[in-house]
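Both complexes below contain chain A, partnered by chain B and then by chain C.
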Partner chain A sequence: MLVFPGTNSEDETLRAVRAVGLEGELVHWSQPEKLARFDAYILPGGFAYEDRIRAGAVAAHDAVMDSVIEAAQAGKYVLGICNGAQILAEAGLVPGTGPLRRPTAAFAPNASGRFQSVHVHVKLAVDPSRVPILAGIEPGAVIPAWASHGDGRLAAPDDELARIERDGHLAFVYCDRDGTTVAAPNGSALSCAGLVNAEGNVLAIMPHPERDAWTFQHLDATRDAVRGNTEEMLAPSGGIVFFEAFARAVLAEAIA
Partner chain B sequence: MTQTFAVTLTIPDNEAFTAFETLARLGIPVARVVRADIWQFEVDASAGDLAGTISSIETIHNPNKHRLAARESDRPIPGEVWVATRDEAPATLVGGRAIPGVRGVRRRTAWRLLDDSGRDVAPHELDRAIETFLCNPAFQVAITA
Partner chain C sequence: MTAGVDDAVARGRELGVALSDDELRRIADHLGRLPTATELFAFDAQWSEHCSYKSSREHLKKLPTEGPSVLLGVGEDAGIVRLGEWNGETYGIVVAHESHNHPSQVVPFEGAATGIGGIVRDVLCMGAEVIGIADPLRFGRLENEHCRYVAQQVVDGIAAYGNAIGVPNVGGDVFFDESFDDNVLVNVVALGLVKEKDIIHSRAPEGSVGWDIVLVGKATDRSGFGGASFSSLTLDEEDADQNKGAVQVPDPFLKNVIMRASYAVFAELRANGIVAGFKDLGAGGLAGCSAELCAAGGMGAEVELDRVSTAQRDLPPEVIAIGETQERLCWIVPPSFTPTLLAIYNEMYSLPRVARGACAAIIGKVSDTGRYVAKHCGETVMDVDLEFLTGGVRYHREFVMPPHSRETELERERAVVDAVRVRPATLLARLRAVLAHRDVASRASIFRRYDGVVRGCTAIPPGFADAGVLVPVPGAPLGVAVGIGGNPRYGKIDPRHAAELAVAEAVGHVAAVGAHAAALTDCLNFGDPTVPEQMGAFVAAVDGLAHAARELGVPYVSGNVSFYNRSSSGKHVAPSPIVGCIGTIADVSRIATMGFKHAGSAIVVTAPLELALGGSVIAELLGIASATLPELRYHAFVRQCALVTDALACGAIASAHLIGDGGTLAAIAKMSLTSPRRCGFRVDPKPVAEHAGHEIVWFSEVPGFVVEVVDAASFAELGARHHVDAYDAGEVTGEPDAVIGDERVTLAELREAWEAPLREFYGASTGSA
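After this line comes the complex of A and B, so read on.
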């Protein structure tokens, strides 16, 4: 779990990762020498380097990202959530259609011009058999999450958007709880909530599944129905499905 | 008519320093980075003393830490690049309020890269800084002199 100055979601993401059976550790940006021994990497949410210049831009050029890029190119799994997704886009790892660190797409400022925090649902928009990092998620599965960002709108030239859609880089789209695709709350092109590279080992998702990983975090009548019942409030929620898939992929690779 | 203003910090500019560190890591021969917010106002004759109005609103210009300067041109000066959001629609409000005589407002970020003698870096180095870091062409455009 990579921590940049300004990262703020590392603890809750690490908690979700550990809950699904993985061992994880926080590694700070100044400790690139620690990265090589890990099987997979997560760039959690926050505001790396205060979003200076552009969200994710400074972190994408940080020396520690040399190690992450090298790992991604070697086929290791790399997951970016929210600010982590912005960093992966700025690093050129997603959609991964151009040279490294020459982004072809961006998670740009929301169409509203404002930071937005809203409960959302996302669904898989790619064939999961092509994307090992999402192994085991049912096609069209709906996952609840919290969108909480000021820069989450997928933006790219028209030909690049066509390529993203045609070549299967669109990993998640915003939908309602029944799985019907809806307009993105941030104005994202293609209703995009997440991007994946061609090899299926680097995934960027803007909403936070780790913030809907337990029932007490879930914005739903279910929460009120179990209010006061500590055991049920602490039970896994829909977002944990995302981390279970990630764990299946990482463990399968580690065993292989 | 367009009126253009540059707002610069009079206190240390952390964002400029962060940009300097990253550009230096990318091998750009830069010793100092100067950043400014460029505000371009589409105005009509009733706008009056726009600089005075901007100062009084204190949303884009805080006299305790900013310097406000009118620009004679609505284009960058030589050695400077403006980075803007592609297809940006002009805002109609500043700090949540309309300014009499102002029909629209656009914001850009201006960058100047200076070498160790205080001169602008060579044009090809500025171009390299734009292409590798200062501008994401997926949603931004770089405007040079």
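After this line comes the complex of A and C, so read on.
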């Protein structure tokens, strides 16, 4: 799990990863030499280099990203959440339709012009077979998450947006709890909440499933249903399905 | 008397320090020579109201500060309350409370942001992980253009800083009042998590003579020079530019990295069993911080100001020593550990790469002289007795206690009858107006600008219950709740009673989520203490805080005083004692949000039926000038709180909400409007109105709760055991409507009334939850 100056979601993301049976460790921007030996990479949320120029832009050009880009090109799994998603877009890894570090689409400032933190649901919008990084995820899976960001609005030229939709790069869209697509709270084009590359090994998702991944974090009736049951209240659920699918992919690859 | 004494007064005046002539004479007399500029600025900061509590200390000692839940009492940068045990370890919650009122009025964005920056360091330096913040805010009227600017910028500043450092904002409150037109109040509570055995103290450890003094953080610059004494002045338009220079410049991204690097240092210290001293640089800058560290350990200090990393060349020694540049902390560590410490900050977390000039650097050594000696370019620019510098000064301010008047019951009823005759309306129409009142309207559009869920430990983010709840120890069922209390409309009427109600409100808020009130923290925001009426309001409020805490059995673990909240035109802020209550939860599976959960539940009210409208929202809407605040019967209130937490624990109730601004009917409406299942409600207002003598009682802000009863038999049994009288107010429905007697309205319409006022100001943002 790669940490930049300004990352702030590394602990909860690491907890989610460990809860689904993976081993993980934090690697700082100052330690690129440590990166080679991992099976998969996660870029967690927060900020990087003050999000100067555009969110994720400076980090995408950091030398430490060379290893991540190499790994992605070698077919290893790379997951970016929130600021990590912004970095992957700026690095040109998602949607991955153009040259490296020459983004064809970016996560731009929210339509409101402000940081906002709202609870959302996102829905898998692509054929699961197209996203090996989320092995075994259900078609149309609905995942609860928090959209806590200032720059989560997918922006790209019209022909690029058409390509994203047509070629299966639109991984997640915002939806209601029943799975009906809704307008993105940040004004994102295509109601896009996540992008995936053509090979399906690099995934960028703006909202945070790791912040609604334990029952005690659920604000809906599912928490109320287990009131008084300490064990269940502290158990993983909800957004954890996202990480479970990721773990299946990583473990399958590591065993293979 | 020495020769330099009169010159010292002249020099002090020339340098523009806020020290009085008497204080200047005392300093020169003690030193036996003309003080240097560095020394004068050091005393100016240390002896300021902000640092020395010189007017307030004699009164603050009345506050109860001891109790079995207190791990570390008042005295260091923050207090610590026991959270509970897990896996054989005792965990504590670090609690700090500050105001950043003056800076936020002058430069609202930076002022509010650095308010968070400062309080976070107070928590960090106890060896804790920073786990949450909460902001009580008091803005002027939004009709006033400058107030609008301040109200926007303060929220932006809090969001920008808190979001970037990755600390969830879990609560706070907001009031709008004309008394804050020229003096905004920006208070901030910060919480940290630390194991009892891992607490780091803000003092040079025993036997630390010869240890290194290490300064960590941003390169020192001119920003924030004179901040401490500026906070102790009345704001004046003419000094606007000078005041702006006294406000620090925030860098939350650097702070983000410093926090994480410090956590890594904590781990190394613990692994090696090293005891160190750690303190935040706040008011008084480097000299203030290192002096207090060494004085607290009974040591002295020798500091080389040339070794301080500066952003500009040729900074004068007084700016290096006293300037309040943000994002800095000071360590005292044994020289054997220093290389490890420097490597963590400078290499692993590469501070110099994150911000120009930022680093960790040795700047001096601990001595055994009891003196603070600072050198600059080979010259001694400061050489003072530490006890004299940090011992501060004390003043007894004259005060006049506020007058006390209450109307008779008959007068109160007559006023209500008359007012209602002039402004006839149905209960529903009045409810809409109450929900749309600036102090009742939904705060969601503010809370949504803050990240309330970063760190992944948030069980209840702001806006879903009376208190925010964190589950800070991963895997453990332990929870911590933070509730806020304080109402400026009450403060204007009766500061003492307002303070008591603020404590009860904060305590009631944590009870409503199912937490046990474990500790209090106060921030006292008042006008000019040299005005006897203002000082009297302060003294009365402290009396109220002390009395309420004793009656409710909850000690204070931290606090702050902010005086001189007065404009140049002579307007003082409403006396504003603001209280935070830290609640602990043994089993977070028992907590509850305030939204109605089940159609068919009974809506039950545990509050007394009283027509006490002083300072209430309905009194303002009706134009009633009542001086009768709601009565606080402590024994009854304690029993109500116990009933609510017990009933939540056993599942007899599914939700609870403290009756606050807008009274009982507004409380019921808010429980419906925050219902995760979008439950409506039906209320029959007649029996209550008849019993109390007037239907306006539905808006009386009486201390008590509205609860959603799902198991009537168990609730009745608990009510009898706690001797709480409760009455049925209505029922929760599965329809998306609110029904009050024979009136009906859709929840959508009611929601619009509640959300529109601040949404229009702070902007819309919706989620799907």
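The rule we apply is simple: the second predicted complex is superposed on the first by the 250 of 256 C-alpha atoms of A that agree within 3 Å, B and C clash if a C-alpha of one lies under 4 Å from a C-alpha of the other, contacts with A are read in each partner's own complex, and residues count from 1 in each chain.
As a convention for this text, contacts are C-beta pairs under 8 Å (C-beta built on N, C-alpha and C of every residue); 3 or more make two chains touch, one makes a residue touch a chain.
Note that the structure is a prediction, hence the values are computed from the model and not measured.
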item: Joint occupancy of chain A by chain B and chain C, clash or fit; value: fit
item: First (chain B), second (chain C), both or neither touched by A:58; value: first
item: Larger contact residue set on chain A - chain B or chain C; value: C
item: Partner chain(s) touched by A:36 [first = chain B, second = chain C, both, neither]; value: neither
item: Which superposed partner A:162 touches (first chain B, second chain C, both, neither); value: neither
item: Touched partner set for A:254, first chain B, second chain C, both or neither; value: neither
item: Partner chain in contact with A:120 - chain B first, chain C second, else both or neither; value: second
item: From chain A, separation angle of chain B and chain C (C-alpha centres, steps of 10 degrees); value: 70
item: First (chain B), second (chain C), both or neither touched by A:106; value: first
item: Distance of closest approach, chain C and chain B, by C-alpha atoms in Å; value: 5
item: Doubly contacted residues of chain A, that is, touched by chain B and again by chain C; value: 49-50
item: Chain A to chain C touching residues, read off their complex; value: 5-9, 11-13, 15-16, 28-31, 45-47, 49-50, 112, 114-121, 144, 146-148, 150, 174-177, 182, 185, 208, 210-214, 216-217, 219-221, 224, 226-230, 232-234
item: Residue ranges of chain B in contact with chain A within the complex; value: 14-15, 18-19, 22, 25-26, 85-86, 91, 131-134, 136-140
item: Partner chain B, residues of chain A touching it in the complex; value: 49-50, 52-54, 57-58, 61, 63, 90, 101-106, 108-109, 113, 155-157, 160
item: Residue ranges of chain C in contact with chain A within the complex; value: 159-160, 163-166, 253, 256-257, 347-350, 353-354, 447-461, 464, 471, 474-475, 477, 587-590, 592-593, 597, 651, 654, 676-677, 763-769
